[in-house]
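In what follows, chain A forms one complex with chain B and a second complex with chain C.
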Partner chain A sequence: MSKYARFAFALAVGTGLAMGAGGPAKAETPKKGGTLNFIVAAEAPSYDLHKESTFAAVHPIRPFYSLLIRVNPDNPQSPTDFQCDLCVGSVPKPTDGGKTYTFKIKKGVKFHDGQTLTAADVVATFNKIISPPEGVVSVRKAFYKMVDSVTAPDDETVVFKLKFPTGAFIPALATPMNHVYSAKDLKEHGYSWHEKNVNGTGAFKFAGAVAGSHVDGVRFENFHVKGKPYLDGYRALISRKLAIRVQAIRGDRAAIEFRGFPPKQRDDLVAALGKDITVQESDWNCVLLFTPNQGRPIMQDPRVRQALTLAVDRWGGSQHLSRIAIVKTVGGIGFPGHPLSATKAELVRLNGYGTDLKASREKAKKLLAEAGKAGLKFELLNRGTDQPYKIVGTWLIGQWRQIGLEVTQKVEPTKSFYNSLRKTKEFDVSLDFNCQSVINPIVDVSKFVGSAGNNYGNYKGKDQELEDIYNQLIKEGDEKKQREIMRVMEKRALSDMAHEGVTLWWYKINPHRSYVKGWKIAPSHYLNQSLDQVWLDK
Partner chain B sequence: MVTVSEVQTEAQFEEVAPKKPWTQIAVDLSRKQPLGVFGLAIVVAMIIAAALADVVAPYNPLQEHFDSMLSGPSEDYLLGTDEFGRDILSRLIYGSRTALLVGFVCAIVGSTAGLVLGVASAYFGGLFDLMLQRILDVFMAFPLIILALAVVATLGPGIENVMIAIILPFIPQCARVVRSNALAIREIPYVDAARALGFSDARIILRHMVPNVMAPYLIMLTTFLGQAILLEASLSFLGLGVQDPIPAWGLMLTNASEFFEGAPWVAIYPGVAISLSVFGFNLFGDSVRDVLDPKLRSR
Partner chain C sequence: MGKYILKRVLLMIPTLLGAAILVFLLLRMAPGDICAVRFLGTGMAVAEDQIAMCREQMGLDKPQIVQFFDFIWGYVIFDLGESMWTGQPVAHEIAIRFELSLQVAIMATLVATVIAIPLGIISAVRQNTLTDYVVRGFAIAGIAIPSFWLGLMIILGLLVFTQAWFGDPWMPPINFKSIWDDPAHNLAQLIWPAVATGYRYSAVATRMTRSAMLEVLREDYVRTARAKGMLERIVINRHALKNALLPVVTILALEFAFLMGGLVVTEQVFNLNGLGNLMVDGVERQDFTLTQNLVMLVVIVYVFVNLMTDLAYAWLDPRIRYS
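Now for the complex of A and B:
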């Protein structure tokens, strides 16, 4: 059994154990009809998932679209089980020494406006994602550094040619934000049209939205998978307050929240609803970071950034914060527990991961003094979402206070937060996240490279050594060597240069109404959100 | 018009009348305005707590005690701890600073700006009055909280912006009340006399009109104190006001919303603090109004 297989097995067993209360899964016949009400903790900044990386956009919008390939919705814990969505048969094997992938596209697939999908639509979509024109945001373009070209020799064939063979390509292709758009829409309406408009081939059609309130979807009768979806429609209700979201499920105003609740709220719901609530739990491919803005003079000295990470008690935080927030696991740049990720013995060698907290904080104070920044004052930009942003943000400020830093917090609603983080860069240090979908560490860690589309630390072009390490990693085929390069990259990004501070990895807990069937928890809140499999046992 | 002989008589009377000790004055006041004195006691207690927070608070309000997260009231933590193990009593005491700062700054600035605009509007009249009143109408068309929300949404969160958001709706309210009083005063002959003597507009407004509208001004000011505290708490509750880790009652309440089912003290005590302080300021304000407004005094 390979390391990857053992890893998948461990994840599956872990999830199975967590779901033990619900008993073994039985094969049930899905029932048709009904509207699924689910609740979302924030409002989508836009409907274009090629430029977004928030669940607030994925949960309400993903059901409107299809992907070329996707994670198997019946086995979402597996990092290697993919299936065709818009392609025919099973996911193709590479040819040309691992450098060419040829996909046959399903015939007769309709967009919601009646257009017929062709290979040209898939090509236009991936060209937008991989090599967008100047000024068009594609936050995951760094995932596709291996792609040389995407072409459509005919209406039913798409060919991806890679610069070098890599196992990171197929998982990257299955990213659930790779919504396939119509080439005609892109050509006629422009690359920003999908930010406010929807036209997909997904199981549900856009039926309206009220800002700050909800997004509605109704069944698409011409969906390309016969017999699906089971639901008549869905309503994604928006509520920022965790207490309201919990009460919505308790009062059956909503059946599920796909992102995740803290342990305490899970216990409250189980105590209140008993068998009417089912709990699914999983490790989560999502980590909260703090990103110093190296565009600001106060954050340009690596010693200051090292001090920030040295002040943080990650081992203690894991123990304490996991009681009140959806964070738990201490880890480095890769998904904890994955064969490519660091062990505890490897982690403790990094700045900020040592078990002697007092020594770490003394070192932090010394570094600040050397940099002439003792008692530094700055502002932490944070997102106005309770879990886990505000809790982790407040905790971090407390940690930094221990080394004499005076930090205030600026909390902004999701849209303004992203604007400050990504566009105006108006922050000293910001909370940020690396939440990925498919577990694919080689691609997921691209976030830590300054040139990545989703890196907001303002160190693009300032650390070529890190760029070179990542380029070496993505081209390396040998697992053992990949692991070694990952450690070098981790040390460079988190410890030596301290470009980013990893706080804690998340832990996903989904208590939902027991009548919601067909949805399986994945190690990401982005995965398995097409809702075509979901049905209501009412 | 006051004659010289009347002034002399009053002065003589003051010389003859024995001065009451302050304790007697307090007793008399508490007999006449028992609720007002109770309100004043709450206000004074708040001010003392805020001023002496460093001495009276048992803990640093920012200090986390992770071994005592969400602990109930006990000998160590009289009102319990919050989700980070921070002492709730200490955060309430320090939080009174935020409440009083916002309350006093907003009430004083808002009502004073309203006083100036109201008196000026009444004194100058004409087009100036017409234009100013229509502008104030626009502001008054919005409910207080909606206008404050709009301002914070535009300026962004933070204590300074919250104060601006609260002050703005206060100004037209005070200006309108003061203007109606000032309009009556403008017609009194001594204003005509001052004008006939060639006094400047500023002197007439400041020396002859403003002192005569102090009663409605003070009433509005005391009313605004409670309102400002409530508005600050509301905006912080909505995440638009003061941000963690600064102790503020509304913020404590919003943080409590995740945990109050299992740890009700995290919500109860900040809620009580907000209610009690607003209650205190309102009682005190009502009494000030009763004392200063002779029409209401006899009712």
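Now for the complex of A and C:
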């Protein structure tokens, strides 16, 4: 079999697995035992995921904890399939006109130190996340603006009362960083204890760590899901260099890297290992944007911003860039394929998404001429990371050259890049990104609103209409109406005002040793990392 | 000699203070801070008050002069502080990586010495012969080939050849085990970076040995030794080599000091959890506490090795001692 045939075979198998094509008929009986070695590209800053936002903390630490609800590990591609983890039955439907959610907590769940989980633990956890005491960092507390109170009427019941009904609540609750802590630990050891200590109810117990090297977990025999986990344990190995992470899988020092590899590395592994490697691929809940700085006079005219987006050949770029970079799918403001997101028919109506590229670029040139900005020169700020920033940045400059723009690229290391983007706002146009965990379009699209904390386009207070549209979206309970509002918001943000330019959505590629079973790729590198369902076919 | 040592030790104090000021200021000249790197890396919406709280907890909101005195006071009370990234004591972060870096430095120095001294001697003794050209070519290649490339080629070579010969690809372990706990694992991991680094390092030392030997072999006392009918082996080993080694020892000592903190690229290529990698992490994350202390550690090692070299010189050459 040629290397290309082997690649095609492995890709087909992997993609099939990712899409769930295997189905029940092909289900294999999990084998118990073994230690999973996997690679993480960076070191966790702390073990407290309530205050961290990096995957480098999620991958090694998530298996130690349980969540109240989680994305279904057997169907992680679904943006709406959530299941109870520490609650009983299925995820509850709201009452009180969509404003009250009542969860029944599983009985007999044990923490690793022997404590028994009660509703008070869940309440203490969510109070720490949603309304932390003074001086306690909780980076995602803004996700829970809709929550009015979290209470425990008894040991087995947790009640969330919302200020208004919203479809954004349940996905936010399933955020994989919402590890449930023991109320007693928080009370006795304080709110920073979990930064360096672990006591969860997850499938694995903390078994040690060496800073900069690895984190070890061993099976928790009293795990609340009977028969799981299958693994005896795992080791999360830290490796900063992509080349080493790839070779580690090739040399079987590690079986998988959960974040993902670029296409070239996938092809190399498949060519080297053939059937011993399985590739799973998925759209990724990360999008790369270009953000014109409206604090700069040259970017204040909507016609200039429209020209920037009209020049970009997204459909062609998808085909070509996906061969060399971790981007692929053309989409609007919402995760492609989500029920609330635009279809291709809807997208092509927006500036910059049309299939007649020549006409789009002619229109762009006309708009620039009308605005008196033909042949405009400006600088593109970019992050000094190859995948996919520098590749997409270089491609964008080529696209803009087609309409007579002269663009230079300023590449800065990550910390300087953030400084220029966020604090000093020293840029004309910048590459920007929006990466989230659970697909929650109603929350995720807040990025496009000028007043959002992670919006760097300098148009806060300049587009009240867009703010109003978003406020309407977040408070709308009906899915059909939510979808309609999303289209209006998308048109306003990307096309009419062209505040932001969506380039391409990321594409996640996970080549792994074929003996790793039970893990299904999710549309985010934060999701499906509990490892309780993973087993080794060795 | 005692006065000379005291003078040199006292000179170390302003050197270290100057280095501390320089390190402190240079780190803070770079834009951005650790809280931005920590919380904004994912593109999630993080409220400004959360970032401000993080800066306050890290002490980044204090005036720089206060931060500087905190840093210096740490040395006075032997408290290096905590890493701003992991929250672990800096002394602990350094200690767990010190053994690996020290072992690689020693192994690389041994590899370099074992290669450089014999080759340098052979090259000098057989000057302008084919052997000399081969040795010089080998040495120049060692200087010219980047360590990271050589490292990657070693790993790739191991994977390709083991797969071709044994069916399964093999690569060195990527996690460290102490030589006292698991010598086989330890050597399987560290021999390759030691060879990659030692080769480059031997190239410089080979050329130094060769030129020093060539110089010494032309000295009158060597000619006299030969005229007395001494065996060539004794002339080379006892009379020439001993005198030619002085600059070679200096080079080896300084390179050893460099290896203790400077194996940045090799440590990344071989996934070694050593001080070089820690330094890269510290700089990338703008972990001021960690980076300051690591740079100061390297400065101290350099100053100390320099002192030792100077003392060795002074001991070997009375003209230095009395000048």
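In this section, the second predicted complex is superposed on the first by the 309 of 538 C-alpha atoms of A that agree within 3 Å, B and C clash if a C-alpha of one lies under 4 Å from a C-alpha of the other, contacts with A are read in each partner's own complex, and residues count from 1 in each chain.
Assume contacts are C-beta pairs under 8 Å (C-beta built on N, C-alpha and C of every residue); 3 or more make two chains touch, one makes a residue touch a chain.
Computed from a predicted structure; not experimentally measured.
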item: Which superposed partner A:H338 touches (first chain B, second chain C, both, neither); value: neither
item: Touched partner set for A:T394, first chain B, second chain C, both or neither; value: first
item: Partner chain in contact with A:E52 - chain B first, chain C second, else both or neither; value: second
item: Superposition-derived comparison: chain B or chain C, residues of chain A touched; value: C
item: Touched partner set for A:H179, first chain B, second chain C, both or neither; value: neither
item: Chain B versus chain C as contact partner of A:H499, first or second or both or neither; value: neither
item: Contacts of A:K241 with chain B and chain C, given as first, second, both or neither; value: both
item: Touching both chain C and chain B, counted on chain A across the two superposed complexes; value: 240-241, 243, 416
item: Chain C - residues contacting chain A, complex; value: 30-33, 36-48, 50, 53-54, 57, 85-88, 92-93, 96-97, 152, 155-156, 158-159, 163, 168-171, 173-176, 268-271, 273, 277-278, 280-281, 284-286
item: Chain B - residues contacting chain A, complex; value: 62, 64, 66, 69-70, 83-84, 156-158, 239, 243-246, 255, 257-262
item: Residue numbers on chain A that touch chain C, as the complex places them; value: 43, 45-46, 52-55, 135, 137-142, 195-196, 210-214, 235, 237-241, 243-244, 247-248, 250-254, 272-273, 286, 413-420, 422-424, 432-436, 446-447, 452-454
item: Chain A residues touching chain B - in the complex, by the definition given at the top; value: 240-243, 262, 264-265, 268, 316, 319-320, 323-324, 384, 386-387, 390-391, 393-395, 397-398, 401, 408-412, 416
